[in-house]
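Across the two complexes that follow, chain A remains constant while its partner is chain B and subsequently chain C.
Coming up: the complex of A and B.
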C-alpha cells in the first residue's frame, strides 16, 4: 500500500516569555513551564477535552525523575487524557525535530493533529550524585551482609559530596559550544563588528515585533514576565564594543552579547491536517513542506561543531527543487552571531561547497534583510529545546500575515547536528 | 462593624504563642490575651495589597503536588488569608485561643482563575458562635478581591470542643466511598515541609513531641494540605470557576499511607481520603462548577 501524503498545516503556536537563567523562572521545573506553554495553546485554540494524535516535546537538561515528561504534562492539562505523548532529545534541534516528527505522522495520515514543543531550564538543573559516591551506594546494594556493607563505608570520602553538575561541554572534545564556535569564527574570519551588528539587529527586530503586537498571540505571560527578559533594544555598536570576549581567548570576537545567554522557557506548536483545522474553524498559518537533519564529524574530521545546518540545507533544497535564494524569509537560529555568519559564509564559499558539500557551484548569498526579521535567539534567549517551537510559530505567523511566500528554518545543535525545514504560506508560494 | 487595615501579613509565630496562652488557667484575665469575650468580636481585618511571590508559590505548589502554572491554586489564597485568621483569633476579646480549635470544614469558591501577577485585597471576618454537638463552632470568612471583583471566597469552620448540644449530632450519610484512584505515602516530615511553605506552624503538625501536649499521639498533617493535595490530583478536571467543599474527619497521623478516591459526574466531583489499611475516613469533599466571572 502506498500511503498518500497530506499537507501539514501549522495552526499556531504558544510559548512563555523566555527568562534568563536564575531569573523569574528560577523555581519552575521543566514540567511547570511546558504545562504553562501548553495551557496557553489549549486556551487559544479551544483544545479542552480534545484527543489529539500525539504530543511530542522534550528537554535537553532533563531530571531522571522526569520519565515521560511530556505525557505527564498532558495528563495534568485540559487535553483529553487519552492523548498519547513522548519525549525527544536532540540538543537545540529538539523543538524543530519534534515538529518534523508530528508533521510526518500527519502527512502519512497516521494522525490528524498533534502538538510539538520543547522546554528547558538551566536554573532548575538536574544535579546527580557524584559518580564515586554512586558506585559505593550501588555496591552497597549488591552486598548481602551488613558487615560487608559497613566495610564499604571506609570507601566514602568527603569529596564525594560534590554533585555531578551537567556541563555545557562536548563529551568527545572537552570544549564548550562557545569554544567550538570561536574556532569556527576564527576559521571563517568572522569579525567582531559583524557579530555585534547582527546582535543589535536581533534585539531591535524583536522589540519592534513586540511593539507592533506581533507576539500577542504567540505568547502567554508567566510568573510576572510578559516579554523575553533578555531583550535589550536600543543598544549601540559602541556599547557592545566595550564587552570583553568570553570565548576564544583575549583575541576572541565572541562576547556575552553576541552569544545567547543560558535561558529558561518553553514553546509548543499545534500542527494538523487541513481537514482537521477546517472542521474546527481553526486558522492555517502555513504548511510545513520539507525538512532535513544532518550531522557532521567534529571529532575526527575537524568540521566546525555547529556547521551541520550548512550540510542539511543543500540536501533539502535539491529535494524541493529550489535554490537558497528562493525564500522570502530566513530563520537562522542565533546560537551565536558567529554561527549564523559562518553558515552564510560557508554557503557563499566555492571551496567549502565543492570540497565539503560536493557541489559544482556555491549555494550563494542571501538577502540579509530577509534574515530573522522578527528577532532571533540573541534577543529572545535560547532555552535549548524551546527554540524550535518559537521559530516555527513565528515564521508561520509572518507567512500568514504576508499571505504568500516561503520561509526556511535552520537550527544548529550540539554534538555536530543540524535541522532545517521549509514552511510555505497557506496563500501559496510565489 | 469595625475594620482594621494591615499593611502586611502579621507574623504568625507570635500569634501562635498568643493563641496558646489561654490554655494557661487564668491567663485570659490579662488584657492582651484572648479569652475574655463572650462571643466572636465584630471586627474585619483587611490586607489591601496582597501580591504573589514566585519562590513561595513554587515551594507551596511543590509540597502540595500542584504544577507551577500562572494561575495560583485556590487553596494558596487561603494560605495568604490565614495570617488574618490567626490575628483575628488573637484579639483580646476573642472568646478563646486558636490553639486547640479543630478545623472541621473548609469551603473555597474560586470565581475565576487568579493569575500570580495580580494584586488582591483580602479581608477576613468571623461569624457568631453556633452550637455544635461537641461544643461551639464558628466560621472564619475570607474574601479576596481583584479591583472591585470578588474572585475568591473561603469559609473555614472551627470547632471549640466543650459543652455541646448532643441533639445536633449529625450522622454521616451512608454513601459508598468514591472509587480509589491513587495511593499517597505521607512521609514523617511532611507537616514541617507544609508548615514552612504555608506559614502554618501549629505545633500539632511539626513533631510527635510538640503534638503530644495538645492531645495527639503523633504529629498530624494540616487539613489544608490534604485538601490542596486533592485539588492537585484533580487539576486537569477542575473547571475555571468552582466551589470546593471539604469536611475534615479524622486527622491523618504522620507518617501515613492513604488512598484518594474520586468520582466525576455531570453534577460535579466527589472525592475522599481514607487510611489505606483501615479505611479510617480522613476527608470527604465535593467540587461543583459555578458561574465564571470575567477577567
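Coming up: the complex of A and C.
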C-alpha cells in the first residue's frame, strides 16, 4: 500500500543566542546547550509531558561520552521520557538534515510531531589522546600482569602528552575549510569588496531583526547572553578593508569578518502534521515542501569543497517544477561570504550550469534584496550543527508574518556536501 | 639532443651562483615535447577585447585539446566556453588567490581603434606575472589587410609591437606570438593554437603567423599522428636539422623518404632504416635531380621539405663566382627546379605541403654571407611568390627561418662568433634541431590548411634582424 503524503508544518523554533568560541559558553557542554534550547521550546509551545514521535539532533564536534546525546537530553527535559531520539551528524548540514528526517516521517504518517535540532561547541571541544599514547595505553590494557604493564609504560615519552585537537580540516585534502573556500573564491573571481559588502549587510540585517523584536520568540537568553555575541552592526567597507586576509595567502580576500567565527550554540525546531498542531491550538508558520541533499567530489574532480548546494538546488527545483527565481526569500548559509557569492556566481554561469550540472541554460541570478533578509551566519555566528535550525525557524516565521510566499534554504557542509529545502507560507504561495 | 654546456653549467647550483655574480645571462631549461604528453601542462587563461569574433573558435580548440582553461568574467567567453563544452574556471585579477598560468590567450579581434588597444594592458598587466616558466602568450588579431576601416587596420597592425616587446621582457623561457586570423579562417586555428601553446614551440618567440582560408581540418584527424597516410620527402636528412625533421615527421605518422648526397649515403641509410623509410642518394643540384624525383614519386609526395643547405662564407670582395654560385644553387635554384618538376608532373596532390628552410641571415644579413643570405632571402621570396600559385591546387608553401641552432655547423664556428650567436636572443640559449623540426611539422600537419605563405623564425627571438 502506498502511504499518502501529508503536509508538514513548522510550528516554531527556539535557540540560545550564539556565542563566540571561549566566550560566555566556554564551560557549557553540548548537552547543556541543547537542553537549554529544548527547554525554551517546550516552554513556548507547552510540550511538558508530551510524548513526541521523535527528537533528532546532533553535533559536529562530539565527545565520545555523549553517546546518544539527544536521547539523554530528552530524558533530562520535560518531554515525556517515552519520546524516542537519535543523533545525526552531517557537518554543517546537520541541523537541516535532522529537520528533513523528522519532516519525512511526519509526511509519511509514521509520526505526528517531532523536534529537530543541533548543537555545537568549539570551546568545550573533545580532545583525543595522542595516537602514540593511545597505543601504549591500549597495549598496557591487553597485558594481564602488572610487571608487564609497568615495563610497557617505559615506552611513554613526554611528546605523547600533547592531545590531538580536532582540526577544522578536510581529512582527504589536509586543507582547512577556509583554505578550500579561498580556492573557490579565486576560481569564481569573487572580490574582497563583494564579500565585505555581504558581511556588512548580514550584520545590519540581523541587528534590525533584533531591534524590531523579530527574534523575541525565536530565542531563549542563556548564560547572560541575549543577542548573538558576534553581532557588530554599523561597520563600514573602510573598516573591513583594513583587516588582513586569514585564508588564501597574502593576496587572499577572506578575512575574520567575512568568514564565520568558531561559535557555540544550539537550536531546535518543532515540526508536526497539520492535525496535530491544530488539535493543540499551535500555530502553523510554514510548510516544508521539498528538500534535497547532494555531494560533490572535491578530492579527485577538483570541485570546490563547498559547492554541493549548487548541485542540490536544480535537482530540487526540477522536482518542484519551479525556477530559481520563484522564491520570495533566499536563505543561503553564510559559512563564508565567498561561499554564498560562489554559489550565486555558479548558478549564473553558463559553463558551470552546462558542464557540471548538465543543463542547457544557467539557473540565472536572484534578486539579492531577497537574500538573508534577517541576517545570516556571518552576523549570528555558526555553531555548525545549530545553523540549520536557526535558519528553518527564522524563515518559517518570516513567511508567516508575510502571510504568503515561498522561501528556499541552502546550506553547505564539510566533506563536500550540501542540503537545500523549500518552505512555503501557510497562507499559500504568491 | 643534449643541452649545451653553458646551459648545463649555469643551471647547476655553483655555476648558477657564479653566473649571477658575473652577470651572465641565465638561460631557463626550456620545456620540450615528448609523445603522449598533454598539449599544455598547466592552465591556460583566455581573455578577449569586447566584440571579438574568435571566442567560440578558441574555446572549441581548447575544449577539443582537453586543455585546463580559465577565462575572464567576460560573458561572451563564458557562453563560448559552455557552447564548446569547455569546463573553464573564472579568473578575476581582483579576487586574489595563487593562480598560475602556462598560457595566456587573448582575442584582440574586437579592437577596432587604437584607443581600444588598452584592452591589451587590461588583460595582460594583471596576468603576465602569473605566467609559469616556458609559458606561452598568444594574441589573436585580424590581418590588417583584411580590415575594412583604416582605424581598425592601424590598431590591428599595432598588435605586433606588443607581442614582440612582451616576448623580450617576459623571461623564464616564455614565448609570445601574434596570430592573425583572416575572416573565414576561424575554424582553421586549431593546429596553430596547439603548436604555439605546447612545448613544441619552445624556441619560437616574437613571431607573427597568418591563418587564412584554406582546406578544412580533416574530420577524423588524430592529433598525435596528424601525418598518418602521408608521404614526406626531406632533403639533407642524414644529419643535423634534417635528421630531426625526418624523425619528427615519422613520429607524426608520415612515411618518410630521406635524401642526401651520395657521400653521406651510409649515414642517411642509418637514419631512414631506423624510421622504416626510404633513402635517396642524390645531389639536388645535379641536372637530372628534378626528373629523378618526379620519377621516384610516381604515386605522389604529400610533403616536401627543402632542408639541404650549405654555407661557403667569404666577404664579397674575396668571393669567387663558383663559391657564390654553389650556395645559390643548392639553397635556392635547385629547390625551385624540383618544385617545378613535381608540380608540373602533378606529383604533389591537393593537401600537399612545400616547406622551405630559410635563415636569420636571410632576414637580417650577415657579414661574410652575401651568398648565403641572398639564397635564404630568396627562399622567403619563393614562399611569397609560390603561395598563391600552389593555393589553386590546395597546396601550401611556408618556410622556417632558424636562428642559432646547435648542430655540427654551429659547433664548428669560432667561439667569438658562436657565443654571442647563442646568447643574443630572448631565451639566452641556442635552439635545438628538434625546435626547427616541430615548426616544420606544424606546417606539415593535415590540420594546417590555413597556413600558406608564412615565414616563421625559430630563433628564440634573436635580437638581430628583429
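Keep this in mind: the second predicted complex is superposed on the first by the 430 of 430 C-alpha atoms of A that agree within 3 Å, B and C clash if a C-alpha of one lies under 4 Å from a C-alpha of the other, contacts with A are read in each partner's own complex, and residues count from 1 in each chain.
The rule we apply is simple: contacts are C-beta pairs under 8 Å (C-beta built on N, C-alpha and C of every residue); 3 or more make two chains touch, one makes a residue touch a chain.
Every value quoted in this text rests on a predicted model; they were computed, and no experiment measured them.
With both complexes brought onto chain A, simultaneous placement of chain B and chain C is permitted, the two fitting side by side without a clash.
In the superposition on chain A, no contact is made by A:306 with either chain B or chain C.
Once chain A of one complex is fitted onto chain A of the other, the partner contacts of A:76 are limited to chain B, with no touch recorded for chain C. In the superposed model, A:35 lies in contact with chain B only, and not with chain C. In the superposition on chain A, A:353 makes contact with chain C only, while chain B stays out of contact range. When the shared chain is aligned, chain C comes close enough to touch A:345, but chain B does not. Superposed on chain A, the gap between chain B and chain C at their nearest CA atoms measures out to 42 angstrom in whole units. Residues of chain A that touch chain B in their complex: 24-29, 31-32, 35-36, 39, 73, 75-78, 81, 220-224. Chain A meets chain C in the complex at residues 182-183, 185-193, 245, 248-249, 251-253, 345, 349-351, 353-356.
Contacts from chain B toward chain A in the complex involve residues 54-55, 58-59, 61, 67-70, 115-117, 235-236.
The residues of chain C lying in touch with chain A in their complex are 70-71, 73, 78-79, 81-83, 85-92, 94-99.
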